[in-house]
Amino acid sequence: MAENEINVAIVGASGYSGEELVHLLLGHPHVNLSVLTSRQYAGQPMTSVFPRFAGYNGTDSLIFSEPSIDLIAEKCETVFLALPHGVSAEFAVPLVERDLTVIDLSADFRLNDAKVYQEYYGTKHPSPEWLAKAVYGLPEIHRDAISNATLIASPGCYPTSILLPIVPLLEDNLIDPTQIIADSLSGVSGAGRNASLPFLYVECNESLRPYGVPKHRHLSEIEQELDLANGSPVTLQFTPHLVPVNRGILTTLYLSPVLDQADDFEKWTSAANDCLTKRYADEPFVRITGRERLPDTKNVTGTNSIEIGWVADPRTKRLRVFSAEDNLVKGASGQAVQSFNIRFGFDETDGLPI
Amino acid sequence: MAENEINVAIVGASGYSGEELVHLLLGHPHVNLSVLTSRQYAGQPMTSVFPRFAGYNGTDSLIFSEPSIDLIAEKCETVFLALPHGVSAEFAVPLVERDLTVIDLSADFRLNDAKVYQEYYGTKHPSPEWLAKAVYGLPEIHRDAISNATLIASPGCYPTSILLPIVPLLEDNLIDPTQIIADSLSGVSGAGRNASLPFLYVECNESLRPYGVPKHRHLSEIEQELDLANGSPVTLQFTPHLVPVNRGILTTLYLSPVLDQADDFEKWTSAANDCLTKRYADEPFVRITGRERLPDTKNVTGTNSIEIGWVADPRTKRLRVFSAEDNLVKGASGQAVQSFNIRFGFDETDGLPI
Amino acid sequence: MAENEINVAIVGASGYSGEELVHLLLGHPHVNLSVLTSRQYAGQPMTSVFPRFAGYNGTDSLIFSEPSIDLIAEKCETVFLALPHGVSAEFAVPLVERDLTVIDLSADFRLNDAKVYQEYYGTKHPSPEWLAKAVYGLPEIHRDAISNATLIASPGCYPTSILLPIVPLLEDNLIDPTQIIADSLSGVSGAGRNASLPFLYVECNESLRPYGVPKHRHLSEIEQELDLANGSPVTLQFTPHLVPVNRGILTTLYLSPVLDQADDFEKWTSAANDCLTKRYADEPFVRITGRERLPDTKNVTGTNSIEIGWVADPRTKRLRVFSAEDNLVKGASGQAVQSFNIRFGFDETDGLPI
Amino acid sequence: MAENEINVAIVGASGYSGEELVHLLLGHPHVNLSVLTSRQYAGQPMTSVFPRFAGYNGTDSLIFSEPSIDLIAEKCETVFLALPHGVSAEFAVPLVERDLTVIDLSADFRLNDAKVYQEYYGTKHPSPEWLAKAVYGLPEIHRDAISNATLIASPGCYPTSILLPIVPLLEDNLIDPTQIIADSLSGVSGAGRNASLPFLYVECNESLRPYGVPKHRHLSEIEQELDLANGSPVTLQFTPHLVPVNRGILTTLYLSPVLDQADDFEKWTSAANDCLTKRYADEPFVRITGRERLPDTKNVTGTNSIEIGWVADPRTKRLRVFSAEDNLVKGASGQAVQSFNIRFGFDETDGLPI
């Protein structure tokens, strides 16, 4: 093992987020991929399930194993959990207790409040005492906390695309927290690698459809983070849509000024412009297209970047802010690796396509 | 020629709207397709450009001709214009003056106000005196006027998807006219059959992007019709997006109650539910999915139907209304044929796939 | 019930072939759709599963029922079976015995030889005594037999695309039966409406892959019909591929002259040209594009037409023949309706989009 | 400039091959991207045309310039030409004469014979004296020659997918050179980044079509290389098809044994199996899937790898060999970078996704 290399496990490595984690970590200069688990494919070579990775050095020896806490704790210092919510907690808690750093891509530790978890996920939270200790792994907002965390709850794909544009504006009191609308389009990989009729090729191709209304689960974590930024509760209008692309989320945000700011609309939009531009000036993965150009998912798929642009509308006194990201990279696995880099003091871009 | 058959011309028959008109009119029981014009393909058999229609009776003899007003006026009683805006007026006026019924699919006669035309289309209107005489061809809203019209300005694709859900609610004073947001997704055929880099397969596939902001041209006709329904000016927030399907528009509308209605949200949503359900109960092409099911473009592509459904959100006190249509059928050529049927007293569904 | 209307049942109406049968038969002038069965959706309104059909007259009253032989025999004179192979025979035999005309879209009665059935389908044929009585429902080849049949075995999608171009050439001894290669591309609806990982949107989009080698099941019926046309056994090389479209099969055939014909290659290609052109001159659903233009699936999807074109290659002394069809229409449900029309003496194009 | 870094120009950097070259060379450890030319976009920042690359270090300063031989010769040691055939030679010859290493992605120097060039490309070759000096840049076949070349003619996308599987078999006299058939499917990026009606999204989506028959231009270079491997002229049957994916070529090869080998078919297939397996055992970019698994383009898009697998068919005495590659990477820009690595003694995988 090379110096400065960390032994890593991926639990639930055979879904789309898991596959993307395998992809990113195989190319990471400070990672030794030690354990890959998959109940469904246990005993099979990783490259028989994901032939795409057959060319990498050392992938021949990677075999999916049953998810065993002992095995992971013995061999690894860090674990990424790419499991369904509910299942994730069963691994996260014992592994943190055995001193591993846990980066959880599920929703299990994203919420601070066990009651909200129960409302949105329909079951009692299995380990509510851990909710307060987990850090919400959105690096651009919680970088310091991530750098010291042992349990990182990596955000959902929609929340990332919505929070990064809104949080700075809310923190600077530039938008009316009662009037926020987020309208999002998602590629089909967001539905996961599960055999399910509505996600067959024929059912999705040439189809445009809303879903997840009235209350998509991601609403809970988005509102939690908006509350934090705002200092008081925010109620968000959020509408996800399914569109026929493999990857990509495009979010359109409708934002209004706080009442007295509307009088000088130009001043307000200029302040919003400055707020976002300055806030993200040094962020390696936030590409501000500003007033110059509108975001397009094809500029970011395959990368950990998010594009954010906006257009002011003096007729309606609203600012429309658009964001585009790859739901599996910045919206899931890439962001998780970004948190890993922060946590271990590596360069934040290590192993991550820009 | 069969009894009760009308000789029809299509001018600009080689674009996507023109192709769909050819398709629909070839199957229309009361239409004899006499003249097809196309500058680009003049002299070529129609079926060499659109091989798909080679199997229909009589299509072998259809040859694209140069667009000649004399020829059309001589041979036909009705003409469909599928031309770019600006060009359309050059044909519409002389043909109406020679007593043909003109159904214009361009924007040239959709607006009542020549100043608004100039603002949105960037040129002086060539025949402003005709604006007041033209009828906006949205059958569900202007059926009576259409039945007597000689110049029918068939609506744009986005306006159809937005107006049908909103107009009844506005007429019944059920929504706040200052808070309407329309967020629309369109397939690529909406961009027309023109060789243009941004609409190449590779540029559109796996791409999600907003465009046409801040002021898409369709905004002008939408607001005109909303003003009419409301009795006073309405300012709409409208955001179109391009998504990788051939056909289909999905519109998501964010609607708020008039202030005092918000207090009894359930009563309000129930009134909105009744308003739309009753208004469209007997319309052959409006399929109300209501609160039962969300619209999906794949349920309407290839047909002249529009699906309209909705979900009330008590958290935000908004009603989200969704509509799905085929942009080339209900959003363009099908609707034009529907107006034709009304104008000539045929069954409104003649020649139109439901 | 209108005069000259036949009561029809569709068994297994909730798959893609079943859905297309519903679509076609709803618009058929001589069909009264009396019974629709679906084990999975029994008790549900047809339009809740296929909202697309909600606009047709009378569809509100169509409810999926459990597949009951008594019910069908009581109410209907004809039945279309859109069931998996093996299951189909359980319905076909008792319904034929109760004097219904059975049009079976499965493979159960396509083969004359029960041993071949067992070789390709892996199980003993349940009713081998019926194999000789069934007619292979390829109208352009077996029209007369179809007109008197009580059990019609409608061909598979690949066989249709391969047999129509080859059979006439084989019958006229124009091609070497030992050198035929069929290379086919199929859209994903060919895999059926079953939740299955390899047919998820994400797995098919941006993927091109061969499958079904070495021996796709359709090979058995193709070779049976080629044997008939040739008068002695033919061994075919057949390679199917899965490509990301909803509908459509494109087949490329590599054909060589019988040995002594190769000497005068031009004479041979001219004879082949004449053979196909004359054979299909009066067929309503065969569109010969000949040497003029190459077939394209987008010219035939949604129709019952097949396009056939060819290019001679003097360098290799081969003729490449291409065919394009909609796998669910000419390749399945449309062809079944075409046989139905022949059987009952209706116009062969009734209810069928050209 | 870092040690061991080479100043590189890309001429014609705004097409799809050019874009992929920019992508690969930006990430190459031994390349300093000094000059990017584009007539169409001269004067514009590279990232305004390709926003995707905005996140890389140093891309802000990259401006497209007019293609100037002086500028390139002054600033660079190596140049990649991503130009149309005919145009490329105008740059290649003067730049080689000024001692630059030229890697040409066009067809201008792929053929040894100026007469063949004229036959296939329709114009007299502008610099026939250079044809003999150029090296055909297929690394797995001509690695040694590439390592000393000054003018490298990088192969076309189809030739790569066809030659890599066939050449070893021909060299070992394992296949009948008179019976080779190559049937290929290509994604739309193969048509280039040119505004052209047949390549619009709507024209390609849901379309499957053959094209380029009878004699696609790539046939000339494929046969030239097959001749070399065979020791005498080979006539190939080659049929390209356009299918709706952005990237990827899937080739299906129909191969027959030399006559006397057919008697022991199993021995023959075993020899073919060994031939390909051994030949490519140590090649970093050739992934032999052999008899285990069939190639799929989705396993290789975005990488420089080619998958090669096969299935023997004892019924027809043929071997079907399948290959899958990314037409823009292994089929164009990636392969060009691979040759660059060989030429300059870098690790062959530098800068190339596996």
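A few comments on the model shown:
When the chains are written out, they are named A, B, C and D in that same order, and each has its own residue count from 1.
To be clear about the criterion, a residue touches a chain if its C-beta (ideal position, glycine included) is under 8 Å from a C-beta of that chain, and two chains touch if they have at least 3 such contacts.
Given the structure is predicted, the values throughout are model-derived calculations rather than measurements.
Across the two candidate interfaces, A-D and C-D, the one carrying more C-beta contacts is C-D. Chain centres computed from CA atoms place A at the largest separation from chain C. Distance between chain C and chain D, defined via averaged C-alpha coordinates, is recorded as 39 Å.
Measuring from the averaged C-alpha position of chain A to that of chain C gives a distance of 46 Å.
The distance from the centre of chain A to the centre of chain D, each centre being the mean of the chain's C-alpha atoms, comes to 37 Å. Residues of chain C in contact with at least two other chains: 203, 205-206, 244-246, 296, 298. Taken in their complex, chain A has these residues touching chain C: 16, 188-189, 193, 195-197, 199-206, 244-246.
Interface of chain B with chain C (complex): residues 48, 51-52, 54-56, 206, 284-285, 287, 289, 293, 296, 298-300, 302-303, 305, 307, 354. If you check the complex, the residues on chain C that touch chain D are 181, 183, 185, 187, 203, 205-211, 213-215, 235-237, 239, 241, 243-250, 252, 254, 294-298, 301, 311-313, 315-316, 318, 320, 322, 324.
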